[in-house]
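So, here come the structures, one by one.
The following pair of complexes shares a single chain, chain A, combined with chain B in the former and chain C in the latter.
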Partner chain A sequence: MAARRPRRRTTRSGWTEAHVRRLFWRAGFGATPAEARRWAGRGRAATLRWVVDGGPGPQLRGAAPTVNGKPLDPANEYGHDVLWWLDRMVRSQRPLVEKMTLFWHDHLATADQDTPLMLAQNQTLRRGALGSFRGLLGAVTRDPAMQLFLSLADSDKAAPNENYARELMELFTLGSGYTERDVRQAARALTGWQSRYANDHFQGIRFRPEAHDAGIKRIFGRSGRFGTDAVLDLVVAHPKHAPFLVSKLWSFFVSEPPRRATVRGLASIYRRSGLRIKPVVRAILSHPSLYRALDAPDMVKAPVVLVAGGLRASGQGVHTDDWVWLLSNMGQTLFSPPSVAGWEWGPAWMSSNSMRARFDFANVMLNQPQLKVPDDSGNPRLAAADQLRRASGATGGPWVSGRAHAALMSLASGTYADLKTDDDQGRRNRATLLQRSLRHLLISGPDAQLH
Partner chain B sequence: MTLTRGFRPAGALVGSAIVLALTSAAGASPSARPASTAVGVGEREFSINVYRPVVRPGALRLNVTNRGEDVHDLVVLDRRGRRMAASGEIGAGARATIRVTLLRAGTYRLLCTRNDHAARGMRARLRVAPPRRPAR
Partner chain C sequence: MPSHDAHKGCNDFRQTSEATRRRWLGPSLTRRQVLGAGLGFGLSVYGARALPLTRMLEAAEAQAAAAPNAPVLVSVFLPGGCDLLNTIVPLNDFGRYADLRKHIRLDGAPALGGSGLGIHPALTTGARGGIKGLYEAGKVGLLPGIDYANPDLSHFHSRHFWETGLITQDAAPGWLGRWLDHHGSPDNALQGLSLDYSLSPVMRSGGAPVAAVYSPGEAKLYINGTWGKGLDQALAAWDRISASRPRGPGPAAAYGAARLAKQVGDRLAPYAKQNDRGPDPLAPPVPYPAGNELGKRLGRLAALISLPLGVRVATVDAKGEFDTHDNQPGDLDKALRSTGEALAAFQLDLETRGVADRVLTLVWSEFGRRPQDNDSMGTDHGAGGIAMVVGSRANAGVLSAYPSLSALDREENLQVTIDFRRVYASLIEQWLGTSAADVIPNAATFGRVQLVR
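This part shows the complex of A and B:
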């Protein structure tokens, strides 16, 4: 429930603001109270349609990001790449596209490459976020950042590098159901890509047929003069592929493991659609499991989801580079996943160090103009419930459990207990402090970490 | 030259607050340095990539990231081979910012001077284009 005790606005289909909040957090970066009200009123089908297919109008709304009053320079300024993407998450009118871009950035993880290459890869992931997986896999296989990261670039027939072939099967498409021989043979088939330099500048990747092993390979029991596209066709046609990918997608949105029948159903949707992502995501976002226990969220917000969600909720844009070091301290630097396996999601985000960084995040949030409580601005005449309502309104109406709500009310009710009734200045100071504390707790408390 | 590794420590919040308070009290502008153009540079074994390879004459900040596994450095030479600026050692995964003012149009060379790194490919060019003509 939001800090304002819930008004259950329910349509005939049983679609409530709580449903909208759950969907908007899992498929994006949260819902403001106004969004929750609007979409609860429009009903389940219309909401899902808007989330999955998007609406008319510009993709980004609101003021462009700035740091120290200047536009971002994502390729050249430290951390501006992170801010550039964070801004898209905050201002996007297609939050699912940004969330899926984040999914692919984790699933097809690439790191340690030059910033312009990473930015270009990010656009590739965004373009293919909800399209054909085979198309996305082809684009990523040819992507210079990925090729350089997994040494597919400059792997030639004399000494095929197995890195990409191995991760292609283990992490990107299958997980199991292949042999060491399949990996080695696929590595041969993937040879021929070479990095190009001219005038001491990287010029991209090109295919050189003379570096490609054109011989016969045997992969998954089939023989042929396979090349790059043939290998990609083979892995996505493998019987393990569809269950592997739909299970990974499911786990991105839903905390409980999928039942076998659910995996079978999603895999069938995936295959019947011609390996398209959007129908699978639509099915997951429509599934009753996503809406289980609306009063007890159990997925830990990833750091970037926490930050983007906090900014969206409080109506703020990206106007400071503090978010860069905060995200890093919370354990998630965009464009820099820890390994080819991506980040470890879930409770792993909540180490003691990263929790401290989440408190720091609340400190920085409270220093932003929209959330700052100026000195001496407290109103001691406000009742406890009104104080909490004011704090909740400023922070975008975050969900709080009944237990947390009671604790916050207790804090607000007892805030003047030790002051004399005629101590006006003391009561005003205490009201200011209370408003800051409530806002901080709404942003940093246990409930705020979950969606 | 400024050497950094990773991002600001958690204690930076306190530092920022103090700096903010001091500048506000003095009524000073947030930055006393003249505006400079950022140029991202990535180093690894054995290449140097310049993300903004053409700039206008003026103050530059070369934001260098060592994406490799070895220690590197970065030196800026003019066309006569005179050293215009240099970083110190930049460890694997570390960053360094080199401030340099290049007023003369032309091509400058960037290279790593450690061991044989330049000969193995750690060199790049930065072109300073002639200044824009003022609009009539």
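This part shows the complex of A and C:
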């Protein structure tokens, strides 16, 4: 059935399928109708616990995908890195971990590096996705892909490269509240990392004390013989850091900007926990703002959320490499963010062109076995509401607005208007086309772009 | 500033991600035909015919009618970093040139009359003597030594600077997209056109509608496995759905994009091929080089420019290997030949259609190459590249100083003799006729070069 009118299965806390759907979309990649029913029944606390802390059992459910008859080869085959991660998003039983890995891939954006390095970085981000921010920052600062991308590798005391120091403060931790001098001094403190090559092949990064500037630096008004870890300690202790990071996390999950009091509250949770990410995310996912206007989703789905969500909803895995060019045309190629500032989220995802790509996405979806409507399978005796129910069932009961629902109903009920009542073959054909159209519009329409 | 580590050699290229690499190597990723197998394509056009065109004519035709002779700026990107020294050869300093190019010296490059420079022989082929012919006819302005101060030799970074017109690693709309934000129409996506499956970063706007269109047939919204009346009905439902104007930036963006996507497809539907074998309504009136992808796209662009669609700025990417770390003689010859022949046919096409006076093309690449060749018959990333303006009203000649081969910079690179933002600012003012300051920050500081006559 069209998800517009969810069954009012509520617990005493007022926790409905619509709440589950909102939470699962924002914290992951959507809920199947079965998941929505199950977690609406179990209540708010249990659902949040499962989403944030995870449940027992394996992290990935179902069989690993094959594409063109072969298992994925993310390190070597073009586009398979994208498919490999997409598959995790689809099959994960810890969707929040994948979603947060995506957050960090955007927030600590790295691009333009060899695929094996990017895949290794992805594992680092996943391991630290909900842990200590300082721990994650330390790991990413030492990460070869990041070091090569932002020229921290081979920045030596003779000519400190300011690239990493600058982005560390501007994009990763502070946003404001530091000076050019802080950047330059931090760049000195961060020197000493060196890339190693053998036969033109990258061998890794190592720290060479003789390339490190061991002198006294002055950062944020404090002086010392700071090194890499001291710089990281200083930036996360900076008063701007907590509000900066919790605001960024908030805007990943909630479309309306956070109130000042909310930022203060989240920053305090973050600090009290010893700069751990999970308590902040738990607080955001529990916040009433996340559940506002359940009948009018207002956040644009990122392309990869649309694709992973569409596959999850219709109960299928990654079995074609078409998702690679589709995601690229929609403007989001995983492992290849457009700049060190990551992707532009929200309304910026939408354009005539990306919409066109999302329309194509629905066409490819219609070609998948779970959604394919066989030739001559139409049933013209099915009532309009039943046609729509069938299409909605196949696509995982996506949300549609009242007006869109009315337009689809009117499409379904008017589809035979120009045919003679005894034109059986014509009516059967038209019923087939109608079922295809309804499925397509449920996947491609403007409502499907929102969560 | 970003590092100069790319100087270290070809490693930079090998270290780039496959995805980025792919962008320079051309579209070897197969784009499966989404336009369904069998039934779909030919029949879907039936739907377009039956649609009332009046509504979507409005935006495009209003814009075109308001300014039928509005100038059009075309950006042609040579991906990879095109070599200056072997493309436009410094015949007047040939000894020094020969010292630098020990392995890949180009002998006998035809001279460009009076300039002291020669041109790669691959640029002398094609319609009316190719680029060399156009130069002699006064339709090409060369910009050797083009770059920016302290050039960054990462493809990724340098491209981003050229695409946005900003020296920043932050995401930003493209410079032509920003021009449309200021001076474009709020409702005609065809005003900014990338002849491609995805939008060029040059064309990304902050709000003005723009479109990527590989061909009119593929712009049309089409639902797999539907046709005729059934498809018409579904697309009419799409129109009814997307007519809503919900509040909030997210919903407004999604619904607006749904309307625009449909508008682009509908507007171009009359120019789509009826089926794979049918006549192409956009078929060019002059021959284009066979099997030349850039030529194919430029041919379509010439036709779209000549129609009342309100096209103002357009982007096309050239094909071929300009990132000539090795085997430069063969690769550069091939890449320049296909690019030059396509551009020569495009110019003849525009003249034949009678629109050449309002089209100017900027050809550019993200950087140049090192003056000294390497041991793999190639050249590594370097500063001071080559760009050119092509068109009936281009200011012809050599418009910037050719970099000295004896006074290299401290990285052993060519000195930059003209900042690309000087070219952008000049194009905006002299060709598009608006102030450069609202697109290029600090435009006044870059000075100007006469690019238009």
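Criterion: the second predicted complex is superposed on the first by the 444 of 451 C-alpha atoms of A that agree within 3 Å, B and C clash if a C-alpha of one lies under 4 Å from a C-alpha of the other, contacts with A are read in each partner's own complex, and residues count from 1 in each chain.
Following the convention adopted for this analysis, a residue touches a chain if its C-beta (ideal position, glycine included) is under 8 Å from a C-beta of that chain, and two chains touch if they have at least 3 such contacts.
Predicted model only: the values in this text are computed from it and were never measured.
A.B. asks: Based on the shared chain A superposition, would you classify chain B and chain C as clashing or fitting together?
C.D. replies: clash
A.B. asks: Which partner does A:G346 reach: the first (chain B), the second (chain C), both, or neither?
C.D. replies: After superposing on A, A:G346 lies in contact with chain C but is clear of chain B.
A.B. asks: What's your read, chain B or chain C touching more residues of chain A?
C.D. replies: C
A.B. asks: Going by the contact rule set out at the top, does A:V364 touch chain B (first), chain C (second), both, or neither?
C.D. replies: After superposition on chain A, A:V364 lies in contact with both partners, chain B and chain C.
A.B. asks: Quick one: classify A:G79 as touching chain B (first), chain C (second), both or neither.
C.D. replies: In the superposition, A:G79 touches chain B and chain C alike.
A.B. asks: Applying the touch criterion given at the start, work out whether A:N329 contacts chain B, chain C, both or neither, answering first, second, both or neither.
C.D. replies: both
A.B. asks: Touch test for A:E162: chain B only (first), chain C only (second), both, or neither?
C.D. replies: second
A.B. asks: Taking the superposition as given, does A:P116 touch the first partner, chain B, the second, chain C, both, or neither?
C.D. replies: After superposition on chain A, A:P116 lies in contact with chain B alone.
A.B. asks: Per the contact definition in the header, classify A:N68: touching chain B only (first), chain C only (second), both, or neither.
C.D. replies: After superposition on chain A, A:N68 lies in contact with chain B alone.
A.B. asks: Under the stated touch criterion, which partner chain does A:N199 make contact with: chain B (first), chain C (second), both, or neither?
C.D. replies: A:N199 sits against chain B, while chain C stays out of touch.
A.B. asks: Of the two partner chains, chain B (first) and chain C (second), which one does A:Q449 touch, if any: first, second, both, or neither?
C.D. replies: second
A.B. asks: In the overlay, one of 19-27, 109-117, 307-315 or 343-351 from chain C clashes with chain B and the rest don't. Which one?
C.D. replies: Given the superposition on chain A, chain C and chain B clash at 19-27.
A.B. asks: Of all the chain A residues, which ones make contact with chain B and with chain C?
C.D. replies: 78-79, 112-115, 197, 200, 202, 322, 324-325, 328-329, 333, 356-357, 360, 363-364, 367
A.B. asks: In the complex, go through chain A and note every residue touching chain B.
C.D. replies: That would be residues 68, 73, 75-79, 112-116, 197, 199-202, 322, 324-325, 328-329, 333, 356-357, 360, 363-364, 367 of chain A.
A.B. asks: Of all residues in chain A, which touch chain C in the complex?
C.D. replies: Per the touch definition, chain A meets chain C at residues 78-79, 81, 111-115, 118, 148, 151, 153-155, 161-163, 167, 197, 200, 202, 255, 296-300, 322, 324-325, 328-329, 331, 333, 335-336, 338-344, 346-357, 359-360, 362-364, 366-367, 373, 375, 401, 403-404, 407-408, 410-411, 414-415, 418, 429-430, 432-434, 436-437, 440-441, 445-447, 449-450.
A.B. asks: Within the complex, which stretch of chain B touches chain A?
C.D. replies: Result: residues 4, 6-8, 10, 12-13, 16-17, 30-31, 38-40, 42, 47-53, 63, 65, 67, 95, 121, 123-125 of chain B touch chain A.
A.B. asks: For the complex, which residues does chain C have touching chain A?
C.D. replies: So the residues of chain C touching chain A come out as 1-3, 5, 10-11, 14-20, 22, 29, 31-32, 34, 36, 154-156, 160, 169-171, 189, 194, 197-199, 201, 209-212, 219, 221-227, 229-231, 233-234, 236-238, 240-242, 244, 246, 248-258, 260-261, 263-265.
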